[in-house]
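Naming follows writing order (A, B, C and D), and every chain is counted from residue 1.
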């Protein structure tokens, strides 16, 4: 199996980059090299982030805010400094628009809950409608199902075309004057589809609906500019973008964050508390109850520094080239069916597929025996599987340290799977 | 100033223990040794926990559950292994009763929200009452204020006696047949008071109310046995017990966790999802939406191992002796008034005080100049300050690595503060 | 983990297809979407048939086939014994090396010993067994369901 | 940070106590519970009096005293200039070394330069200034409140 690696200009210097990631040296199953193609589930963490985490705990650890001692001031400066970094990374108009959560799921639930408890004009209730899509991650479905059950609001969604794109043909019937919120994924975690933000945002603005964008699979892989997106809220998660686990982000427009009610109560989210009533701190603190994930925010700041030092445009280009190559090579495998776009056009680096009748669990297991880590299952996007009449998929997903050689290893591995179950 | 350190048998071998905590070697302000007395805000993190964190990211990092590759299985085993450790640490009847959250505040909010959305007999609504106390942390006040505002339930509370204890004299009027939930702190973070669990639980059980115990200041410092407490829920937080930031715990009785509705939706908390409806996984997963704080849970597991290797009973004894010493020495300082119990009886190692008319901010700042880190302010327990007619306090709080010499340093430091502002 | 015995059962399943029964259940493994519809037919306390239809990985398919082969024709008490031994094996995390006695009880099912090392796959192997247990309880009444161990076991691997 | 000038003002505050005024405000620093009640009295656009009562740390108390000393008798435009220079100094994170020109404007208030290194204390130093600004807006109407910079600054240190 020859790898036409020479023919792929524009890739990153993965040899250098891979040195930053200790885990990529891991050997599995009697010495097989790890081929980590499960980046859509979680990314690996570079030395630069791990060092910052250790330094935080070894030098500066303290609870943030309200402290007058040195450690508390250092920890606060680091934590709030991470907010500045994230704000710059997504081109937020104000640092106060960046809320730290524990993961993207909390960010999404936070918006759903704010809207459920909001006053007019934001309040979601039985007269109103919520719009999502059939390609959402469960974390952008279940919060809206819960909100719909609890408020009586109607939940609607965009369906999918056969080639893994949103079917926007009936956009005017789906997003209507009753729509209060449209929440959709920027890049699908199961199919890699990049969605047409502008068309949806335009229609939402027409009817005065708020827009929440789930950028969990976008923030790690491309330039994310919340102003250019023109959304009202953008959610993403640290562990998919070289950051630690336990940290997520919700960006929201300042006026909205001022108007909307808090979600979790306690700790630092208050202005003043008496037994009878409390008032709340201004955003972002209003939405950060309790001791925040301090070290994790600081780690995310370091991750953002790391990604920026390489360049998000360069990372996007690298992944695009690799995806183009992978899509082509995968289609050479007999009986392999890609679920989602079959070209690299408007798609990210997560590629789902089925392989004949072989169950994805078996595909994944036999790949694992060769050191190749892919994810199998419904990828927390079961409606997509239902839509395409399959129980599950195998998903390979790439990142800045992925190489054409790893694509080749995957293709070889799949040949082996076919022979094994053939 | 002589320190009668010889006279304190039963202390831990702090010389050995302090070697485990890199930050305790920190020098501040031109070489002054750090005297860290802000443990009630957050504890420091031992090498043993930091090593486990690094190893997690460098060797095993993957998203948990649903993975068939080696890393995913290792990460899952580590994450679920941490659950086993925490379950054992608190003597939980079942590991499935341990829910990982991001902090104690989320744990407390989780219960409040479950009860707000629950069916009978748990449902909190306008006919029902919620009982807390005047010495709660804001994180155990604001969630109930929000719930009360949103459901119409009545919020009631126990007041305080002049010596910093709960006033239970009217317990039968406060906890009544209408009470659905009684939520109170086991150890006060501002006054150190250890509350009489049994009396409150007995009365709650009499009227069929659920009991939630905020053990944030107990779990780090004493043997915590959820079965002995006889509560229905117990909440605590990792960063105060030698664990990382970004991880908290809610323990709940299994039948309750089965009956109660989910809070955050998404990710792994489901059993099956379609666009129209979803069903939920059994607890604890039902309450863990999205990618959990994996590394942080693993780190908390390591913290629990660390604490157990020293022995929670020994830690409690160490702190008790130290507190006895500190209470005595502090009372030698002119104009110093302890807010809370003035003996070591039924109290933890957090000691709040005022110093004449000198504002706590000034006390804290001048102590900081000597390398002594204490916390000043209302400690997220402003109702306590209101109750005692003070704007704020200075709080010194001890942990397993604290020494009598540090108590002496504090007392010397306070003398210096008095002279400075005298 | 892919013993030839397992691959054989996967490629040539025993007793697949839905036939007449006293009770039918539908079980799903939410982790991977494996599904099984299973019917039991009892003749008194003797298992007259276990028929099934489903989709899933080789492990879950082979396990259903082995179950059919092992249990059909057995008395309920005997079947329960087999099930509990199989459960013990699957919970062993690769620690049990099946001996002759175990092989006598489990026959082809001992081939699943290797699967027990893979927590994510244990659920696949147990899917049909849980379905059988559930269907049996329905067919014969809950009184026949004397233990919750199996559910517990599945929970533990969740 | 505890310059003698600051300690002096703290121990012997200028103009403390509440007197007759055109508007009164009550500001709280939620971080530490510092409170101030402050009244302004205007004579046209000239500051006739700033009276106050409050509790708080040496920094917030001294700052109110300095404010009284600096602003009373000044024209509003002049007072605004002083305030904005003080604000700039307090936001400097210890980077500004006050020069003669600044000292001319701020007089005793230059002693707060060292406080600017302590983010948690900047709010204390600004408490009375924010209260003054707010009270002025109330006394003279919102039109007099031409800028939001100060509020922004406080927000940033939050």
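Just so it is clear, a residue touches a chain if its C-beta (ideal position, glycine included) is under 8 Å from a C-beta of that chain, and two chains touch if they have at least 3 such contacts.
Small disclaimer: the values here were computed from a predicted structure and weren't measured.
The interface in B-D, A-D or B-C that matches A-C, meaning over half of the contact pairs are the same by residue number, belongs to B-D. Judged by contacting C-beta pairs, the busier of the interfaces A-D and B-D is B-D.
Here the spacing of chain B and chain C, counted between their Cα centres, is 45 Å. With centres set at the average Cα position, the gap from chain B to chain D is 38 Å. Chain A and chain B have Cα centroids separated by 31 Å. Shown for chain B are the residues that touch two or more other chains, namely 66-68, 72, 270, 272, 361, 365, 376-377, 382. Listed for chain D are residues 31-32, 118, 120-121, each touching two or more other chains. Listed in rising order, the residues of chain A touching chain D in the complex are 65-68, 72-73, 76-77, 96, 270-272, 281-282, 285.
Chain C meets chain B in the complex at residues 28, 30-32, 118-121, 155-156, 158. Listing the residues of chain B that touch chain D in their complex gives 359-362, 365-366, 376-378, 382, 385, 391-392, 420-421. Those residues of chain D that touch chain B in the complex are listed here as 1-2, 7, 10, 31-35, 55-59, 118, 120-121, 124. Interface residues of chain A facing chain B in the complex, by the touch rule stated above, are 22-23, 26, 28-29, 34, 36, 38, 41-42, 44-45, 50, 53-54, 57-63, 66-72, 102-106, 108-109, 112, 117, 134, 137-143, 145-146, 150, 155, 157, 237, 239, 244-248, 262, 264-270, 272-275, 277-278, 289-296, 361, 364-365, 367-368, 372-377, 380, 382-383, 386.
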